[in-house]
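Look for subunit A in each of the two complexes below; its partner is subunit B in the first and subunit C in the second.
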Partner chain A sequence: MAALRGRWPTVVGVLAGVGLLTALPALVPSFYVTLSTRIIVIAMFALAFNVVFGMGGMHSLGHAAFFGLGGYTVGLGVTRWDWSFTVIVLVALALGAFVGLAYGILTQRTNGIYLLLLTLALGQAIWGLAFQQVEITRGDNGISGVTRELVPLVGTGALSYYHFVLLVALASTGSLWWFSLSPVGRAIVGTRESPTRMAALGFRVGLYRNIAFVVSGLFSALAGVLYTWHHRFVSPDALLWEMSAFILIVAIVGGANTFLGPALGAAVIISLEFWVSLHTQRWMTVLGLVYVLTILFLPEGIVGLGGRLRRRHASVDVPVIPEPTASRSGRSHE
Partner chain B sequence: MASLLSHVLNGLSFGSLLFLVASGLTLTFGLMRALNLAHGAFFLLGGYVALDLLGRTDSYWLAMLGAVVVVGLLGVAFERFLVHRVLHRELAQVVLTIGAAFVIADQILAYWGGRPVMPPRPPGLGGSVTIGDLTFPWFRLSLIVIALVVFVSLWLLINRTRVGAMIRASVDDEEMARSVGIRVPVLFMAVFGAGSALAAFAGVWGGAFTGLEPGGEFSILLLALVVTVVGGLGSVTGAFVAGLGVGLVDEFGKSLFPSFALFTIYAPVALLLAIRPRGLLGRVER
Partner chain C sequence: MSASSSDSGRRRDSASRKAPAPPAVAVERLSVAFGGLRAVDDVTFDVPAGQRRAIIGPNGAGKTTLFNLIGGQLRPITGVVRLFGDDVTHRRVHQRARAGLARTFQITNLLTELSVWDNVLLAVAARHAPVRRLFWNALSRLDSVTGPAAELLRTWGLWTVRDHRVSELAYGQQRVLEIVLALAAQPRILLLDEPTAGLSKEEAGRMTEVAAALPGELTLLIIEHDMEVAFALADVVQVMAEGVVLATGAPAEIQRNDEVIAAYLGGARGDA
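Showing the complex of A and B:
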């Protein structure tokens, strides 16, 4: 228990958060339970994305591929191939990990803007397949009627699915937390901070970049699985680059330097989307402004804002974590 | 034979349009290392402003001039007030310009509606030319000619004029250029404005080819990005060669394997970026 010394506030906070999330359906109208389900799924996607983005410092604009592949595995597995629940989940995880490995290998030699463009092209290639292989994917129309019959739920309806999503998301968050503290996770952070030093210390930088992409792809695909079952529908939009850009801004808004920041970003942006859509049809304008204003005024995200205020008031020097939004162009590495 | 030739001409004219859009992108990237993902929105805005002005003035050339000037000035302001604040921060530029593109496209949707529109062809280029058994619209041929003219002018501007020398000096060593009295920030603004104006021109002229609708800004942007990347970020010559090449690949991809057309555009680009990030004619990163 020595490891927990001085961490009791965190432990209590986490337990309270989990308790609150579990009890939520009893506290709010069922509509908000659906909204919360969506938030949790996107939050899980954002946490998975942040393994590459925040931890690894690699600017990916192609993460929709993992998410959408997970989503399409469910859509096709349920409606077309009559797969069992276990097979669907295993195939989705395998696809996420495999495509993650492909991303990792292909991006070995790129950084900065080139990495961004390369992941964008990879994501769009996969989107193009889903969009144009109409005979399999039904193209732009998407796949509807994805029932939840296979999902091992206790009870029926939105409430039970909420608890299922929460359980999977908490287990994933726990695993990702453990991963971020593991020696491998630490090494990934090291490759972000200084690839040359890590290489000099004998770490195989490329290997750790691959691992980051594999882990990130795996959990992103799992989030995609939950997403499709949540909407009972999947379309090429889940694979489109706009989804990649969305998860990027979610992570930045929350704070990509911290573990739970991206989840906070998901809660904020999805709530904002819901609230804005009540009043106006111009959600895309608001979302665009969120992109612009975040970059100008909140580059370290909401969590970073707290840190910034504390730094302003504190007399002692707080170590400044390099912000992930500042570019690490290819120059410094080569 | 005639159908093959018409496919080639179609591909070349679409490629010319792509070059017009990509030239602005590659210019700003070459000079400022700034990737402007709102470029497609400027393309779209140019077309819509021209259509609006055309309805008011009834003069095609006046409408085109107005659209090019308005969007060019918008580009200058965009650079000065937004892009300039995130210079040399690539991720920030990307996110900021994506946001700006969302705002512009959504406002276009709010003001002009979501129906696809088609700017008219330039007056005097309505008919088509017949060579043997091949009939081809003058308008599409004119695009190829315009792309050639723009390419040659840009090449001459960059390689043979004083302004071009200043641009090249700023690209090579910004600090040194500033210390010998070149006002690099002003140059940045001017180049960005010129790039935006080029996008607007492509939107007016090329919009008559592709049609315009909110949401279409990203399909043209992504193709222009492909052209820019294949040609090598920052290389105008590369963008010209790649533009025509991508135009041809797109045309033949669509007719040969229609259900893989998008894949055949993006997958090779991804491979090229993985193996040779600087593209065909891009400069080596220093």
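Showing the complex of A and C:
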């Protein structure tokens, strides 16, 4: 309803945003194109993460696993197994979905801090695989020389890869947006608000949690694919818990209760990282400060800042207990 | 159910027409304990389809626990729960809901940060198996969902607040929305857990009208502390204390029952 009423500004806003992003390489120096590519990849990861975190209300600290699995699929597929582009992408998506399902099933009855610790453990187990299976993954050294020859690009170099990433990210964002409005997507939000109410309505809560993890895992893995091709390199760092914590902070700083909030968080944090790194080595300290300040002053994230200004304090002028118009007819006693 | 299953199909058909329909809710020797306390202790009763039964009793009588056992939120240590003759003792909450059972909660249990509209859409979607699994169409664009949802909101006087978050509603409206969500699934059995709790006298009066206006074919179990409300709504009143059923009968009978009066005025079972 509200979406229908405010539709034109949204359509114009989306078109302007897409146009601006498409034209960006023509407007800024090429270094910023690389930075923007990184922002878009992380933004996509944050949006995928937020299916579990924001929509589902499940605190995952193990999402680096999906991201890193996607990343390693590219790294190994290109350098070791000579897979085609299609196979690489399909395997990455399948891995993301499958591991997502495993996460969902293994964390079925946990919430809050227990869910956080369990996903952390699962994520670290997968990190351990990459770290220790040196023969396959080259361990701590990571896999370098991941060329982009396979990527179906219009041209070569950073500029055309930017457009490739943008295209994939926009398609993913559109799909996730669509998904978030679907009955299944809304039901996932419902289980965040009250699992007991959803169960009493007839929804199988566990199923919707699993779907959230599968969808989230799938798109996180796809973001990981883009990430590795962006850096032409992948290491266990992509799987490390710090990556999980980073994406959690990105989502919170941007605003996990809104659809695009996490993407905005990615833009702000990565821009800040770039700017801070020009002046000091203490980026992690600054990130910590940003996080603390967000929690203290912007509990709804940066997006909440705008929402707070717009929030309507409309009075609800209907009787407190409305008069029902249902008829009493049809009552029958045996 | 088991008795007629050995009969031939034809005879069973004619038999079932004559035989009384299975009760909407039947509990048999139901018990559950929290620590050492038997919250519900060997309780047996039937509620025929279409009956309106009020369950009354002092705090700690086991009324809400009984609802949780019927709804599947709790599992009994012994005993059986049947809905329309089907043993659902081991079925989960959502399976019982799909069997036609809906409930409200004593402590308001809504999708608080979603709009009223979204709450009702989800509640309506819950009853359509294909819709529940749909992930490519927007929920708010499905006519099979929005139609019934709009009708419910208009009927129950919440249409004008449909775009508000549930958390912005007045408490009384939230209590009504609880009932609307329960009704959205077109249940055959409705459990109302203290619908007037926390409402003012005037609001409670309106809520009583709301409950009285529920469709007649619906089997209604209602936990109520307000005797006036309970006696006004119910065909049958069931009195509970300390986990057992003290008395069951028509409102007029119950009002004269000594044991019931004792349960409310003094210690529940005489000495203790």
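As a convention for this text, the second predicted complex is superposed on the first by the 302 of 334 C-alpha atoms of A that agree within 3 Å, B and C clash if a C-alpha of one lies under 4 Å from a C-alpha of the other, contacts with A are read in each partner's own complex, and residues count from 1 in each chain.
The definition used in the following text is that contacts are C-beta pairs under 8 Å (C-beta built on N, C-alpha and C of every residue); 3 or more make two chains touch, one makes a residue touch a chain.
Given the structure is predicted, the values throughout are model-derived calculations rather than measurements.
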* Where does A:Phe203 make contact in the superposed view: on subunit B (first), on subunit C (second), on both, or on neither? -> second
* Using the superposition on chain A described above, determine whether A:Thr107 touches subunit B (first), subunit C (second), both, or neither. => first
* With the two complexes superposed on chain A, say which partner A:Glu193 touches: subunit B (first), subunit C (second), both, or neither. => second
* Partner chain(s) touched by A:Val184 [first = subunit B, second = subunit C, both, neither] -> second
* To do: Examine A:Leu278 and indicate which partner it touches, taking first as subunit B and second as subunit C; both and neither are also allowed.
  => neither
* Asked: Between subunit B (first) and subunit C (second), which does A:Phe131 come into contact with in this model arrangement: first, second, both, or neither?
  -> first
* To do: Would you mind listing the overlap between the subunit B footprint and the subunit C footprint on subunit A?
  => 324-327, 329-331, 334
* To do: Using the touch rule from the top, collect the residues of subunit B that touch subunit A in their complex.
  => 33, 35, 82, 85-86, 88-92, 94-96, 98-107, 109-110, 218, 222, 225-226, 229, 233, 258-263, 265-267, 269-271, 273-275, 277, 285-286
* Interfacial residue positions of subunit C with respect to subunit A in the complex -> 48-50, 71, 73, 92-94, 97-98, 102-103, 105, 109-115, 117-118, 121-123, 125-127, 131-140, 142, 145, 154-158, 160-164, 168-173, 175-176, 181-182, 184-185, 199, 203, 206-207, 209-210, 212-217, 235
* Report the residues of subunit A in contact with subunit C in the complex, numbered from low to high. => 1-3, 178-179, 181-187, 189-190, 193-194, 196-205, 211, 257, 314, 316, 318-334
* **Touching residues (chain side subunit A, partner subunit B) in the complex** => 59, 61, 106-110, 112-114, 116-118, 120-122, 124-125, 127-129, 131-135, 241-242, 245, 248-249, 252, 281-282, 284-285, 287-292, 294-296, 299, 324-327, 329-331, 334
